[in-house]
Amino acid sequence: MISLESDYNNGAHPMVMEHLVRTNDEHTLTYGFDKYTEEAKQKIAKACDDPDAQVFFLTGGTQANATVIDGVLHSYEAVITVETGHINIHEAGAIEANGHKVIALKEHEGKLCSGDLRSYMEWFVNDESTEHLAQPGMVYISFPTELGTLYSAQEIADIHQVCQDFGLNLFIDGARMGYGLAASTDITLPWLYQHCDVFYIGGTKVGALCGEAVVFTHQNAPKHFFSIIKRHGALLAKGRLTGVQFDALFSDNLYLRISRHAIDMAMRLKKLLESKGYQFYIDSPTNQQFVIIPNKRVKTLEKHVNFTHWGPYDAENMICRFVTSWATTDADLEALKKVL
Amino acid sequence: MISLESDYNNGAHPMVMEHLVRTNDEHTLTYGFDKYTEEAKQKIAKACDDPDAQVFFLTGGTQANATVIDGVLHSYEAVITVETGHINIHEAGAIEANGHKVIALKEHEGKLCSGDLRSYMEWFVNDESTEHLAQPGMVYISFPTELGTLYSAQEIADIHQVCQDFGLNLFIDGARMGYGLAASTDITLPWLYQHCDVFYIGGTKVGALCGEAVVFTHQNAPKHFFSIIKRHGALLAKGRLTGVQFDALFSDNLYLRISRHAIDMAMRLKKLLESKGYQFYIDSPTNQQFVIIPNKRVKTLEKHVNFTHWGPYDAENMICRFVTSWATTDADLEALKKVL
Amino acid sequence: MISLESDYNNGAHPMVMEHLVRTNDEHTLTYGFDKYTEEAKQKIAKACDDPDAQVFFLTGGTQANATVIDGVLHSYEAVITVETGHINIHEAGAIEANGHKVIALKEHEGKLCSGDLRSYMEWFVNDESTEHLAQPGMVYISFPTELGTLYSAQEIADIHQVCQDFGLNLFIDGARMGYGLAASTDITLPWLYQHCDVFYIGGTKVGALCGEAVVFTHQNAPKHFFSIIKRHGALLAKGRLTGVQFDALFSDNLYLRISRHAIDMAMRLKKLLESKGYQFYIDSPTNQQFVIIPNKRVKTLEKHVNFTHWGPYDAENMICRFVTSWATTDADLEALKKVL
Amino acid sequence: MISLESDYNNGAHPMVMEHLVRTNDEHTLTYGFDKYTEEAKQKIAKACDDPDAQVFFLTGGTQANATVIDGVLHSYEAVITVETGHINIHEAGAIEANGHKVIALKEHEGKLCSGDLRSYMEWFVNDESTEHLAQPGMVYISFPTELGTLYSAQEIADIHQVCQDFGLNLFIDGARMGYGLAASTDITLPWLYQHCDVFYIGGTKVGALCGEAVVFTHQNAPKHFFSIIKRHGALLAKGRLTGVQFDALFSDNLYLRISRHAIDMAMRLKKLLESKGYQFYIDSPTNQQFVIIPNKRVKTLEKHVNFTHWGPYDAENMICRFVTSWATTDADLEALKKVL
């Protein structure tokens, strides 16, 4: 069976697993005060080109989103995103669970448009009942987006500018950050670091068993963020579990190397599908490809390859998601070629 | 100055105030166990044509919405409304403050369409990631809506049917219930009582100083709802304050009589504006009229009459809200006629 | 029947009711922007001897406690009080409902001891797991306490000092503030204003139908506190309801005059009970008197006088609460004398 | 350096790590629908002697406590524990973060006394202001307790009886469940399963890198508990991470075998300390030993052995915690013997 249904249906990258095994017998400090976690933090800070970057490790994306948003916002503040934003749909209400409204603006191929954001904020500050509304305190975007698309540097810079004009924090969900950086033509980690307030570098979908590295960019981590993590049930007693993994991922450029592999595979997959006459729901430059497939064809294809039913396209066709990852092999694509 | 800016910029109806004065010197039980509150509950139950109706008094609309929604839903459940729903916009995030996501569907002249609701729920129950979504537990509609429009009996019956098909509670915000009932051609209080799970009868905007009467319709008040009210900071030590007022409002049909007066005045206001060539943003049969007025004209009119800036219509025109109430007089309309 | 069961089983003080009646027909601005509310704020600021005092009106004590605590604290912060603190017992979990832990220290006749507070905070800052604990951000005390006792100026000054030493806000619940000020020998409103961060002046139990005046003391009202009030369901559309009442209460020193009357009555009540041989559960200088009465005697007394069962004292005796208020009359005490 | 500071300062048990490595290259279903998680659930159900046991995997203790308590309780309900309960102290307010009050009763060597619980509940249901109090919905105890002590079967049966009498859920925190079962003379997993509503089997402190297995005992898992887990940010995309580990831990009785080793080591440690004249703060039969050590001696000992400062015993002595685990070796104890 060819596996293209997600980028989290595998174990850890071999070098990550190897580091876990190698360090397994050591006694270390707990709650993330161990030397591997410390090492990982320094490597990430270096990759961001700021030795003072504040780094914290959490286990998953929804947890990272909920903890960061709740940690940064005042209890009465809301977060702005697009309709298709992960926090607006696929987190079972985790943001609202902590009391924060999610304000959803229109999406443009999964992206927030800085013009829409500016219009919303101008309306907000001028509305006569503005104090009766939930007060926006943050903008949340995903890089890449939930639809696999990518912001250009200019688009993020523009959003960042609106945020600064209106006193909003900019938070970038990087659950698939590696794949985004590998696919982007103009955004690097240090550039991103300079253009937002907080972001995270996803490990779960890029080589780790679990783990997201939250990075606060201008010494702006909330006071007591450690305690906030604990309050969210997000503090690992054996913090080394994430520390060791990120230590491996940020050694020898592993994180970006395996991300690039996934993008290479995705582009080959895309061409393969195009060559077979398939059409795409959206033009994605990253590791998630959304393909329109006739319902009947879906059933026969599924005998050979695993992919995700994203939803109906119309009565006869379905949007199907094919995902590559660091673990996708040449053999996978060769096999796919035969069954398409 | 002619006052048409809202239906809550006045004191209490004289008969309500009189009842407060008349009972002021008595010692009564506290927290709503006094005889006037008891009397009011029975009168409301009678007006609903069910002696077993469960009635609770709260002070305002946002408080009623937040307390009922939080009281009825499981902590992880969400409430469905339309984009223009009061709980989605003008409650400063009060519903999310208790952990509940507000899911906003498209509005049609301020109303929820039962077809949209059914489509959403069919998508929801069939989506493969349904357990990753916030679980809907309730539908919230307003009667009349925030835009002054009214559901027909058929429209509410259809929504109610979808709710029953999918196990959702139907909650009707009746902050302006009196005006809705007075304007409706096919909905009465007993009918409404039969077609939802919980609703409230607004007092604040219909003759009281404060107070909303929450009515659970089928012995379905949440266990410990008294305690839930307390937990929401919504329990008055002198519960008689709302009890006495509703006792007056539900004596001699006062509530509906003064509501009808407001609707009569609104229809005269509407004709008056039409006769002067004004156009309407929306066709409202209730006490809120939304009029499109050139920006320059707004400024001159405001020297003589108070109304609300609802928002820009386009670059040159503004949507202005004119509101009648039980307190609007012939003299108000005569004066308006002169300045239009 | 003699009524001594509570200080909120009556209507409004006649002068408060009269002001409500007199202003009833006026059209005013809504949500507390009316002239009476403005007037009341200025009078309260003057009574506090600081024209810049920031005053907000809420309807009840639990609501005031929940809104102030949630408004002032970061979402992860806790509030410290004593075991018998109202927020720890009688608010149905309203503080925790907004996510804040209530840390309860030992009570001493209902009071918090500054030494206990200092010990707790010294332990807290030195504990090696301090970041695993809920972070204290505020101290909550009541004046008078839930047991009718009073802090001396020195006691409050000492608590205030500990708060300043450890960066804690000091919040004083003044649900019965009037009775406390009338009974105190060394605390005035301006003095109190100088020795805490926020407090409220209770109206519900001191002459109003509802209403508590929250006062922030050093321009330290949380940004967007209006919006926070709305989010708590605590914003009255007809804000004048509380504004008019406090305007009356703070005219001609009415608030303190009627409070003093209640204390005079309480002292006469106390002497009367003592002269009849009754013993007290606690020595209270304020309008709540806690008397130990044999269970059998309770039953016969209750035929003539209403009081509250506070709880069992031992197998044969009950602690009963007798409460005077601004509404207690000479006739009440004379009648009581006969039945004791 | 001898490591006795905690039971979570190491990696995974070798057989757990081996299973992670062996399964690492496989593609599996996500979010815990993989075969290893399924296998682990069945093995745990079998160990509980009920094939219908409902098992869910979370990553850590605070997360398990917060998710279970919030999932089981109505939003307005409170949880009862003892003063020293983990949820009352060391979870940074995680329970209150979801709106639930923690009611703390007196502890007896870290344990809840069923008599105290019954007294509290009898007071609660009879108190005249009971609806003004937070409504208890659950009792939380730890096995073993935070002080290393153990309930007897009779003690838990008595608490369970009180819970049933008053309609309370009984929840047992088993972060160190293995060590408790290994040390207990009369409690087995099937017995425990029969005497509570929900509990968890701790993995983090007993051989896993992370992971706690939550078990609902009578088909009473909350509806949508999967979604509740997601809402708490507690759902692992790679659910196999915990599934694989518990699959290993519940194969060949590994979990109990390594727990028993830790208890054997703890008893040897205890004898060793006693033989050297040390006194204990509390008599613990489990893997946590609390020893009273003069402050000066603490400093010299710390050059050779790691242990935890639990807190001051008096001015000259400190309570120190020594912890054994599945990873403690003979060599550790031999080395300790030399430095004591």
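Residue numbering begins at 1 within each chain, and the chains themselves are lettered A, B, C and D in the order written.
What we mean here is this: contacts are C-beta pairs under 8 Å (C-beta built on N, C-alpha and C of every residue); 3 or more make two chains touch, one makes a residue touch a chain.
Only a predicted model underlies this, so the values are computations on that prediction, with no experimental measurement involved.
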Of A-D and B-D, whichever chain pair has more C-beta contact pairs: A-D
Chain whose Cα centroid lies at the greatest distance from that of chain D: B
Whole-Å gap separating chain B and chain D, where each centre is the average of the chain's CA atoms: 49
Whole-Å gap separating chain A and chain B, where each centre is the average of the chain's CA atoms: 41
Chain A and chain D, separation of their C-alpha mean positions in angstrom: 33
Junction residues of chain B, two or more chains touched: 75-76, 91-93, 97-99, 131-135, 227-228, 230-231
Touching residues (chain side chain A, partner chain D) in the complex: 1, 3, 6, 8-12, 14, 17, 20-21, 23-30, 59-67, 91-94, 97-98, 204-205, 209-210, 227-228, 230-238, 240-241, 306
Complex contact set, residues of chain D against chain C: 75-76, 78, 89-93, 96-102, 104, 127-129, 131-135, 308-309, 311
Interface residues, chain A side, partner chain C - complex: 70-71, 74-76, 98-99, 131-135, 222, 224, 226-228, 230-231
